[in-house]
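The structure appears below as structure tokens.
Naming follows writing order (A, B, C and D), and every chain is counted from residue 1.
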Amino acid sequence: MLTRIKGGEIVDPVNGRLGKGDLWIEDEAIVEAPAGRRADRTIDATGCVVMAGAIDIHSHIGGGNVNTARLLLPEHHAAHAQRPAETPLSNAGWSTFQTGCLYAKMGFTTVVEPAMSPGSALHTHLELADIPIIDKATLAILGNDDFLLSMIRDKASSQMIEDYVAWTVGSSRALGVKVINAGAAAAFKENVRTFSLDDVVPSYGVSSRKIVKTLQAAVTTLGIPHPLHVHCNNLGAPGAADTAAATIAAAEGVPLHLAHLQFYGYGTEGKRRFSSEGARLAELVNSTPEVTIDIGQVMFGQTVTISSDVMRQFTSRGTASPKKTVIFDGDGNGGGIVPYRYRDDFYGSVQWAIGLELFLLINDPWRVFFTTDHPNGAPFTAYPDLFALLMSRDARNAAAANLSQKALALSTLGSIDREYTFEEIAIMTRAAPAKLLGLKDRGHLGAGALADVAVYRKGKDIAQMFREAAFVIKNGDVVVEDGAIKNYRWGRALRLNPPPDKAMVRRLEAYYQERYGLSLDWFDFPDSAIRRDEPFGEVSCNA
Amino acid sequence: MAVAWIGDRDVPVAQAAKHAAGLLVSSLSPVFSFDTDVHGTRAAIALAERVGAAYDHIGGEALARETALFTDRGGMFIAPGETRRRADVVVIAGSLPAHHHEFVGKLASTIPDLGGGASRQFFLIGAETRAAYLSKVKPTRLAVTGSDVGGTLAAVRAQCAGRAVAEPVSNFERFAKALAEAKFPVFLFCGQSLDLPGLEMLQGLIADINRKSRASALHLPASESGWGSTLASTWMTGFPMRTGFGRGMPELDSWRFDVARMLAAGEADLHLWVSAKTSVSVAKGVSTIALTKGKKPVAGAAVTISIGEPGVDRDAVAWSSRIGTLAAVKAQAATDLPDAASVLRLIAEHLPDGKALPC
Amino acid sequence: MQRLMVNGVAIDDTFAEAFGMRATAIIITGPNRKWARQAAISMTGFATSVIGCGCEAAIDVELPASQTPDGRPGCRVMIFAVSTDELQKQLQNRLGQCVLTSPGSACFADLKGTADLKLGSALRYFGDGWQVSKKFGGRHYWRVPVMDGEFLCEATTGLTKEAVGGGNLLLLAESNAQALAAAEAAVAAIEKVPGAIMPFPGGVVRSGSKVGGKYKGMTASTNDAFAPTLRGVVKSELGPDINAALEIVIDGQTSDAVAAAMKAGLGAVTKLGPAKGASRISAGNYGGKLGKFHYHLKDLLP
Amino acid sequence: MKALTFTLRETPPERLDLSPLTPEKLASVDKREIGKIRLGMSKRGLTVSDLFKVSGSDLKTIVFEGGSERFDRVGTGLVDGTIRVVGDVGAQAGRQMRAGLITIEGNAGPHAGSCMRGGRLEIMGNAGDHLGGPLAGELAGMNGGVMIVRGRAGAFAGDRMRRGVAAVLKGCGEYAGGRMIAGTLVVTGGVGRLPGYLMRRGSILLDRAPQELSPSFVECGAPDSSFAAVMDRYLVADGILKRPLLGKAPGKFGGDNAVFGTGEILFRR
């Protein structure tokens, strides 16, 4: 089927296409304007902005810890307003089904769950498979697992470590590798309560830095497109900016991605010893081209923090609101669920301002990514409001007027005039994420690209524009029209598929038999276990 | 071989499914109870939404208590693998159902290899515990005269915090010493022998210990399929089991949607039963659709369709306490009996809108 | 000065001049009348004048067991001060030192006012974490464990800004014995008036004062115009037949309470008559310039 | 004006959600639309006019003539006025009510007075489990007001109670006052096993010594108590009890020592 999206304002920075024009789609792909053919279907995009489908690189949308958070907070789902049923299970608050619908309505077509414990990969993929419409991907967590730490301690060859990383990525169907507070979860099991970049994991004698560098090297050598995705040490602690700075310095010319940098932007100035280091971190990012970051913006209201940084979550259980938490010592990382309410008080205001400072002071939209670390800084449903804050200085000032002025005085936010353009938004949320993740088929509107398209009706209310897209097209299907789901379909989980090294498989089989009394089969699964047609889409590694 | 019946009459599966669909459509208050794998659960919940049904696990009492621990309090938990590799003190709170004895027996025959613990000591909380499967490791019994496991847990926690008790815990000095020296004590628990207050008390004890040192709890569910269904229900609807769709949107109510209660109270007019392991007893005045593994129709059931047992007749995805997560299970002896999900999808295809289930 | 005569007692045509104050009232109960009174007396000791004591306080009325919140004998105690802060401070100190300490005591609010003063809310910390808060029947209590059980104390009591301090009667007699008899009669009558207290010893003050004095720092000094031994050397208010004067000072929950108290006192003294008691009754004032409340004796005659 | 009266036609064939029928919710409903309000909670979805004959118009005084154990959520969130049920009710009667008066002349199901914050809920018959208790996920139960059950209550009476006074006159089941945060639970007629289990603060007041206590409760003496005297007088004066409950010097168990040990069970000796 041939579709013509007519008369919209096309924003496609990758192909340098900016301005009014038509976009043509044939079946699942974008095509050049076909000479002499008539469209089977024409979508009127007059007065609209036309972009590629958005890509979220860091959003906790499924897997064990996310599900535990749902289980912990039934009273929050119950508070959801009653809505008429539209599409299967889409009125079930904070479910997989609703997640896909809500993302699609905002024009997002690919979302990465960034914290999959390899041991519970099947559970994660089953949840992702029940997220409709959009494509998904996961990052596999390494860096607190005994097998890796033991190899580093025993000075295993880099080849062996790469084989292990490749096996983990392949068997867990991941698109990349994440390391979370490297070594801290292992140290916490031995009753260590704080852990910094150069602290050493007991029983292994391996430093956090060593773990990060080892994984960074393996990821790079294996040609995994997405650089090692690092959740630094000391998240949330006043003074964590020093840790983040040290981690940025540790990139040493090799690509490294730092997740939710906002949560490390905390200094120790002022009466409360809590201040913004947003400007300092932005400057460091600007001057370190091999580093990319995402923000983890804080927006106000009730949320729940979900993290595999079990040490950090344990530490913050006293701030839980409502007062109930789950702390899980898993194989490797585990995790913690701590409900939290961001208030527009001093601390909340500082956090809010730091995120915006990072967004606005990091110059290169190709290296800064749009996230709230859903749901840790805010649920992803707050994205439209965040777009408005980035694109309008007036909107920022209006929001800032209601916050703690003492807190804002400790940040540079008030002095920043920058407003994001549609082109920059398209880079940050489409082109750059596709490049970062190695997804060549999306993030742009050039011929041959996957027909993932978001059409937004321009208006004064930027938040409203991004909240309910006029049209969203996924793989050539119109899935959203005027903010409502029109078509239910099943996306895929994008994965890498490096071939497993036979010696490594034998080694792991022996390891699991000896240490767990289980065969390696327990930790793998056939694609058929997902029970969807083509549950996975394969992405190739760099040569 | 017949695999589907309408009443006593054997019919093709499609005809039975069509009849079942008709009953579901005309039912005003259908209820589902099931004991199946994750995919059976997914299909059952998707069908429940379509026909406005409430669903529960078969014999869901203990599961409801374990669920309530998570919804009402949360807690600290540990993976079974870490338990095996780190636990130098193992405390069994209450008794454990037989299907966990093999795993605990493995704990008893191994020692920790991580975290520095050199041996493994066992303690049992609750006077009623008789753990023959642990006889080799000579567990120390912690009990309070005249108290059940709930009272004993309370006394253990009070004594650990240095507060007075009316009646002391037996062998407490030994336990206190073991805790003080332990690298990583792990408490094993199950909702079958602990009620919700007992489960909360145990978690309180663990929270107290974690102020200064480490400890955690290993959840050994009363029903593995029940826990798997709980996880699937939670991601699909936002709610665990005992959720109903009577008003369109999912509502969680562990009292109202206790399916056994609903049947006893005459609140349900149709009962869809899904279990290849156990067979339904048909309630009076309730038309029953039985998806069960049998060679004969269920007496009194309006429709019976024979299904394969997850992991036995059919490949399945099920919760496993061995790894503390969902596992792909290969059929032990594959048969061509359809799995529950296929039959449920088949029924859905005969609903008036004819749409496929989303699961 | 014109004088009215009532039952042979001369009444000066003058007025008592009084001031607005802050006040509160509480009920103190005990295991029996003796210990209820003991706690109340201790609490209101050394509370004769705001000049030197920070507050003025006394038992208002004694309450039988049937009229107290916990069914035990009790006393209604009133306490007056010039500011809310001072009142709170005095209340807290006196409650803590004199009521909390007294065997078997309990303490309840007995005034609904415009603002709250802390009672138990201030003392609860004595419980060192073992104190218990209870709210029921629209009231809030603290229970503080002590050596004979629990000190039960309502969390707060009311503050009134309508209170009046400094109502007075000057009782002038031919002899000391007659002056004292008149004063006792007045006190006995005024004790029955609800909402009015007499903070001086036994309700009586013999050291009436004037404002200021010749020595630096003295805010008040002896009322020389009414001192019989100075009758010849200063401008005296006393006639030749007067050899002793005693004053009754009255603080009231309201202005009406002060007036009622003065009226009761006047009635008792005039009823006693000059032979056994006072031959003349006057009142203290500052010419009407300082206090907002003026109680003319002629308006209060029986 | 005559009370707004809902006269039940026949036993309801499904559970009903009666939360729409409160003075404040009905205030915004056109009188002709009242009959169309959906009450049924199954697919059947019966409406007001399917179930009731409606008469009267005084929104502040609502009467249900006839009740059923399927009457759920009667008086949810009541902020003013009175609701009277001449009959039984189901689950969650008076849930989250803030003020006003609800009288149930028959029995009530589970979670009666769940999370109520104020007002008065009076149940003439028996109540089910979780009297005043929170629903799944909620961390506090009854949070104020007065609740009286003139009959028996089930297990977990006063679960996670935080404030207010709840009284059960003919005894209740196990875990009375379990997980209490604060507040006062009065029980005459005996309590089941393990009262006060996991209570952090609060008072459980009994007319007799409890039978099966957790060993984490310890005996704490019996001095004269002004509190007992004040509470006894309040309970009688407020029409909750006919006779004083605790007497001059009640006995005390302190606990739950598994938690902080700052709760109490007081009982008449």
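Miscellaneous remarks
Just so we're on the same page, contacts are C-beta pairs under 8 Å (C-beta built on N, C-alpha and C of every residue); 3 or more make two chains touch, one makes a residue touch a chain.
Treat the numbers as computed from the prediction; the structure is a model and nothing was measured.
For chain pairs C-D and B-D, the one joined by more C-beta pairs in contact is B-D. Distances from each chain's CA mean to the overall CA mean are smallest for chain D.
A separation of 73 Å divides the Cα centre of subunit B from that of subunit C.
We define each chain's centre as the mean of its Cα atoms; on that basis subunit C and subunit D are separated by 48 Å. Note: centroid distance subunit B to subunit D, computed from Cα atoms, is 32 Å.
Note on chain placement: the centre of subunit A and the centre of subunit C lie 74 Å apart, centres being C-alpha means. The multi-chain contact residues of subunit D, meaning those touching 2 or more other chains, are 135-137, 139.
Of all residues in subunit C, none touches two or more other chains.
Multi-chain contact residues, meaning those touching two or more other chains, occur in subunit A at positions 72-74, 78, 324. Annotation, chain-chain contacts: A-B, A-D, B-D, C-D (touch as defined at the top). Those residues of subunit A that touch subunit D in the shared complex are 72-76, 78, 322-324. Interface of subunit D with subunit A (complex): residues 135-139. Within the complex, the subunit A residues that touch subunit B are 62, 64, 66-68, 70-74, 77-78, 80, 82-85, 88-89, 91-98, 119-120, 122-123, 126-127, 130, 132, 146, 188-191, 203, 314, 324-331, 334, 337, 488, 515-518, 522-526, 528-529, 531. Subunit B meets subunit D in the complex at residues 27-30, 51-52, 68, 71-72, 144, 146-147, 150-155, 157-158, 161, 163-167, 197, 200-201, 204-205, 244, 246-247, 252-256, 267.
Of all the residues in subunit C, the ones that touch subunit D in their complex are 29, 31, 69-72, 104, 106, 129-130, 132-137, 141, 143, 148-150, 152.
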